[in-house]
Amino acid sequence: MHNPNVPETLHGWSILHRLYTFDRRGWAALAPERQSAIQSETLRALGQLEGGERHDLALCQVLGGKGDLMFIHYARDFEALAEAEMIFSGLELNDYLQPRDSYVSVLEVGRHRATARIHEELHDRGLEANSAEWIGAFDQALAEEEATVSARLWAQIPRRRFWCFYPMSKKRDDTWNWYALPFEERCRLMAAHGAGAKAYHGLATQVISSSTGFDDWEWGVDLFSDDPIVLKKLIYELRFDEVSSHYAEFGSFMTGLRFSPAQLPEFLSGRAVPRLLEVKEPELAAAAR
Amino acid sequence: MHNPNVPETLHGWSILHRLYTFDRRGWAALAPERQSAIQSETLRALGQLEGGERHDLALCQVLGGKGDLMFIHYARDFEALAEAEMIFSGLELNDYLQPRDSYVSVLEVGRHRATARIHEELHDRGLEANSAEWIGAFDQALAEEEATVSARLWAQIPRRRFWCFYPMSKKRDDTWNWYALPFEERCRLMAAHGAGAKAYHGLATQVISSSTGFDDWEWGVDLFSDDPIVLKKLIYELRFDEVSSHYAEFGSFMTGLRFSPAQLPEFLSGRAVPRLLEVKEPELAAAAR
Amino acid sequence: MHNPNVPETLHGWSILHRLYTFDRRGWAALAPERQSAIQSETLRALGQLEGGERHDLALCQVLGGKGDLMFIHYARDFEALAEAEMIFSGLELNDYLQPRDSYVSVLEVGRHRATARIHEELHDRGLEANSAEWIGAFDQALAEEEATVSARLWAQIPRRRFWCFYPMSKKRDDTWNWYALPFEERCRLMAAHGAGAKAYHGLATQVISSSTGFDDWEWGVDLFSDDPIVLKKLIYELRFDEVSSHYAEFGSFMTGLRFSPAQLPEFLSGRAVPRLLEVKEPELAAAAR
Amino acid sequence: MHNPNVPETLHGWSILHRLYTFDRRGWAALAPERQSAIQSETLRALGQLEGGERHDLALCQVLGGKGDLMFIHYARDFEALAEAEMIFSGLELNDYLQPRDSYVSVLEVGRHRATARIHEELHDRGLEANSAEWIGAFDQALAEEEATVSARLWAQIPRRRFWCFYPMSKKRDDTWNWYALPFEERCRLMAAHGAGAKAYHGLATQVISSSTGFDDWEWGVDLFSDDPIVLKKLIYELRFDEVSSHYAEFGSFMTGLRFSPAQLPEFLSGRAVPRLLEVKEPELAAAAR
Amino acid sequence: MHNPNVPETLHGWSILHRLYTFDRRGWAALAPERQSAIQSETLRALGQLEGGERHDLALCQVLGGKGDLMFIHYARDFEALAEAEMIFSGLELNDYLQPRDSYVSVLEVGRHRATARIHEELHDRGLEANSAEWIGAFDQALAEEEATVSARLWAQIPRRRFWCFYPMSKKRDDTWNWYALPFEERCRLMAAHGAGAKAYHGLATQVISSSTGFDDWEWGVDLFSDDPIVLKKLIYELRFDEVSSHYAEFGSFMTGLRFSPAQLPEFLSGRAVPRLLEVKEPELAAAAR
């Protein structure tokens, strides 16, 4: 039975963010051959978890004391995510990592407008809501939507140098209660929000994931760009949007510099800041904007 | 003396959720015979605490850094719950487990509509409220209710792969105060909420337990399903309900993958993600939906 | 100078709640003679602090991970309380106890209605408010009140098996501000609250203590009963009271099973759940309901 | 340039509250000569920091688990305060003290009414606000005020047995916003508040210090009395004041028993509760009420 | 595409605040030659990070228990900031420093009024908003602004003895929502705020940095002065401003005494409070007021 008040959402990668502090001094005290062995084990494991059909992986050097290293795991489903977590937790490198924070979510593409459009079409075709025929047609229309946005649902993690992350929820306050708004009003507000973000097309890549039922906020937002000021400007400008100013609640923000898993030894050595990634996004990631 | 403003509730299992992080690296460093000995002790103890008249037990691999292992203890009463906690705390495995969070509650079946119906019937029979005769009739009617829902009060823990848990309370805000609403209004809102959940019948199994007086929120909610997206959709959709959008406050959410206590050695070894449980729910659990 | 807007309160025992986790595994690793020695030292100290004119003491096995052991200290005054705390802190048992939480308060019997009655009587006698004569008469009337409720002010800790504790304050919100209400309105609300609690007379014993100026909330509430469901029902039912629903703010709740200090070795051994206390309340405690 | 909307304040001692837990068991395990050496070093240092022109010092045995020992440092200015903190941090006693909390503030005497009076006088003398002549006259009047209250600004720490401390701020809520009130209304409310406190003249000694810009709340309040119930009654009664009930926000409260630095060895030994200080306040402290 | 509702901001240094506690007792136990070696390594590294084109650095002795040492890092961009953090984290001194808090931000000069002025000029020139010509003219005007305030964007850290720091955000409450105000109203409020701060010109130096997207609040504020009472008075007085009283939310405050990196050995030795810096601000810093 379809609830006409609730917009459909389509789901892609299962995502786990894990933030660690790194015991740089303890690591530096290890013998070089011990460092090498641990690095080899780690790189082998990360290799399994990066860039495939079943997993993807990003590493970021986090700025400030919230943590030193962020691992972003993508997995095909919760089974694959649990597997990735277990592989990682068994690595010897963990003796030098202290977990600080994490976030569990599922990549989501919201379909506010598409849901409204499908409702309208089915109504125009004279189908009775939630009749067997209606449900069949609805499911078919949704499957077509899913095919359309599949590249966004299953895009690799954007390969850009600067990154920030924050969780957010919609407010349920005395006056401003997102969940008490009519469906049409929510559609209007989300459309205006999307329009505001368009000015940043090509400058930043956004990944929205849903955590309702899985973690403490309703969504997690990852932003990637080649310029950290773009991240700041985008978030600041959208804060003046009607939907953000009245209905958005934000959690803790963190930021950092993405580097390739292959550069991990440089990060661990502390002798040089890892170089910038090649700033060439694959087509899938471009589609995810 | 019966307070006509307060709905009756019926109580089943006493429940303790305990969340732990697992020292996977410390465990891996143990000699195999030491691991075997600890596993044997643990499995013997868990065997006592699973699937009987006096206790039941579920284990979940938790996703993300809030913890690694969730133990859900069911017990016949607080004495049995205290016993389960003490048995578990004495196990050697505790040297490799760090407690992170817990929740104390009692499985509850709310009887908003039944309470209203009994009131009406007794009134129709011409009984004076809170007279001796009225109280006798009320208690008898309630005992009949209890017999009716007994299977739900004493159902085993649902045997489904994916699980999430969150605590919640009803709001007592300036504008939206559940406890200041008339009884009839509360009945109406709860009935609408129940209707919304019906779309998920068979797809998810819900266990509501009350923690008023025992822990920091008023209720704990466990949801089990064969598909984690179902958990997310159910919670998201109900958030648009009138009662949830205006009166619900939610605590911290966590999610994970249930496995059988017999699979604990696999979890501890980290060599393989525990396999899916047989997804066959006993009749009692089915009744608990 | 008496402030006619402020109800009088009468004060009895100074109270300290101390919550600890117990290092059960560390304790179990001790040689039996070492355990015996520590137990003997502890029992001697607890003997001094239990059931006398100057001190009383209760121990509870706490359910869940907030802690394992709650010590409730009663003392004649703050000097005696400081002494109890210092005696306890010096015990060797502390090597196996980790402090988790505490609460400092003074047993209080509020006299909303009595204060109003005395005001009225003095007014009827034609005394000028806050005149020397008025103050003398007021103080005498209050001393009579104190004699009347002395048994409640100095009752021993109720000897019942199940216990819960929570701190609370009165709200000072935009709309609902207890401290901005007229004195008469506060009297009316407290009287209705007391009437609601009467249904539980004999089923539960309540101890209210004030912590204004001493700890983070305004009151601490201890409830004792022979049935934990009674605790839950009492708190749930009172939450619908006008004064609770609009003006009460609640802190963290915890619950457990009271046992006799003499049973501490059983608790420490983990071999058996301590047996139920003799459920016979002394007269003083009965009076405290 | 003087802002007519802002009351003048006069500033005395720079104050640092430092709260510690004491490792009583670790201390007790030390050899007596080691204890003696550490005590001697500590007493020499505390002697430098107590009762002089440049520093004063109070020690309190704190009740409950928030901490065991409170050190209240007074210093002539921030340089002297930094010096006191550094001297204290170098003591060997720190191996047995664990810092738990602290508060940085400056003793403040608010001049709401005096500011209003000076404004009025300068206006009556026909001076133009913020003209050079006006500013000269204002500064002179304020210097006279400072001379008048100098004894309160530089009073030693009150020598009374029982003490409590809490931080507080003025609310800036939707409805009740202290900083948006007209100056005259703030004057009226503060005058009424002061009148309410007068009933406790001689029974309690209050020290207000400001922490705007220095620590997390706007003020810190220390109260001293010979009877802890007086502390509780004073705070409770003032909570019904118009300004407190609507505009005050309170932080965490703690309470304890003041003792002389010379009694520190008794505290450390745990063999006896330190005796009561001589309850004779010097004139300066009396003036600070 | 330019959003006319959002004021332009210009960005300078990337900033990292890092707060540490110092293990003074552990340090004191080191052999003098070990102390010397660590000091030398530290001073060499700090020398690289202070006072250049690419980095600047300030050290403060923090008052109270939030921490002992604050390092304020300025860097040309996020790459340079990541480099500074990595250099610092590898120092042996870290064995005696415990990280407590941090803040990531970018020095910002807001251009509310300039943005409004440019809009007006372009409109007066008859340009169509967001036309290619308009955007070119706008970008040119903004580049001129940036040249004008360049000295403030790239000023060295103010060389004054007393310092305080706090993060802040603008409120998005039911009633007072900064982000829902019209652009003109925001301009008016910010102009009035700036006028209020003018009374402190020359007495205090303020550095505003933005953390939207990077850390948990929207701005960080550093204030420097030769007198700590000036810091307190400035913050207190501005709190009565319309924009602060209604729209500002403040985080945690901390304060301390700035000293030169070359004085670090004195700080570490604990034998003397570091002397006051030469209070001569370079021209750039003066411009930053």
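Order of writing sets the labels: A, B, C, D and E. Residues in every chain begin at 1.
In the analysis below, a residue touches a chain if its C-beta (ideal position, glycine included) is under 8 Å from a C-beta of that chain, and two chains touch if they have at least 3 such contacts.
Treat the numbers as computed from the prediction; the structure is a model and nothing was measured.
Counting hops only between chains that touch, subunit C reaches subunit E in a minimum of 2. Rotating subunit B by 145 degrees superposes its CA atoms on those of subunit E, with the angle stated to the nearest 5. Rounded to a whole number, the gap between the C-alpha centres of subunit C and subunit D is 30 angstrom.
Averaging C-alpha coordinates per chain places the centre of subunit A 49 Å away from that of subunit D. Within subunit E, contacts with two or more other chains are made by residues 174.
The touch graph of the protein chains shown is a ring with every node of degree two.
Put simply, subunit B touches subunit C in their complex at residues 1, 3, 5-6, 9, 11, 14, 16, 18-19, 77-79, 81-83, 85-86, 89-90, 92, 94-95, 99-104, 106, 172, 174, 177, 179-180, 210-216. For subunit E in complex with subunit D, the residues that touch the partner chain are 24-25, 28, 61, 63-66, 68, 162, 164, 166, 173-176, 196, 198-199, 223, 228-229, 231-232, 234-237, 239-240, 242, 244-246, 252-257, 270, 273.
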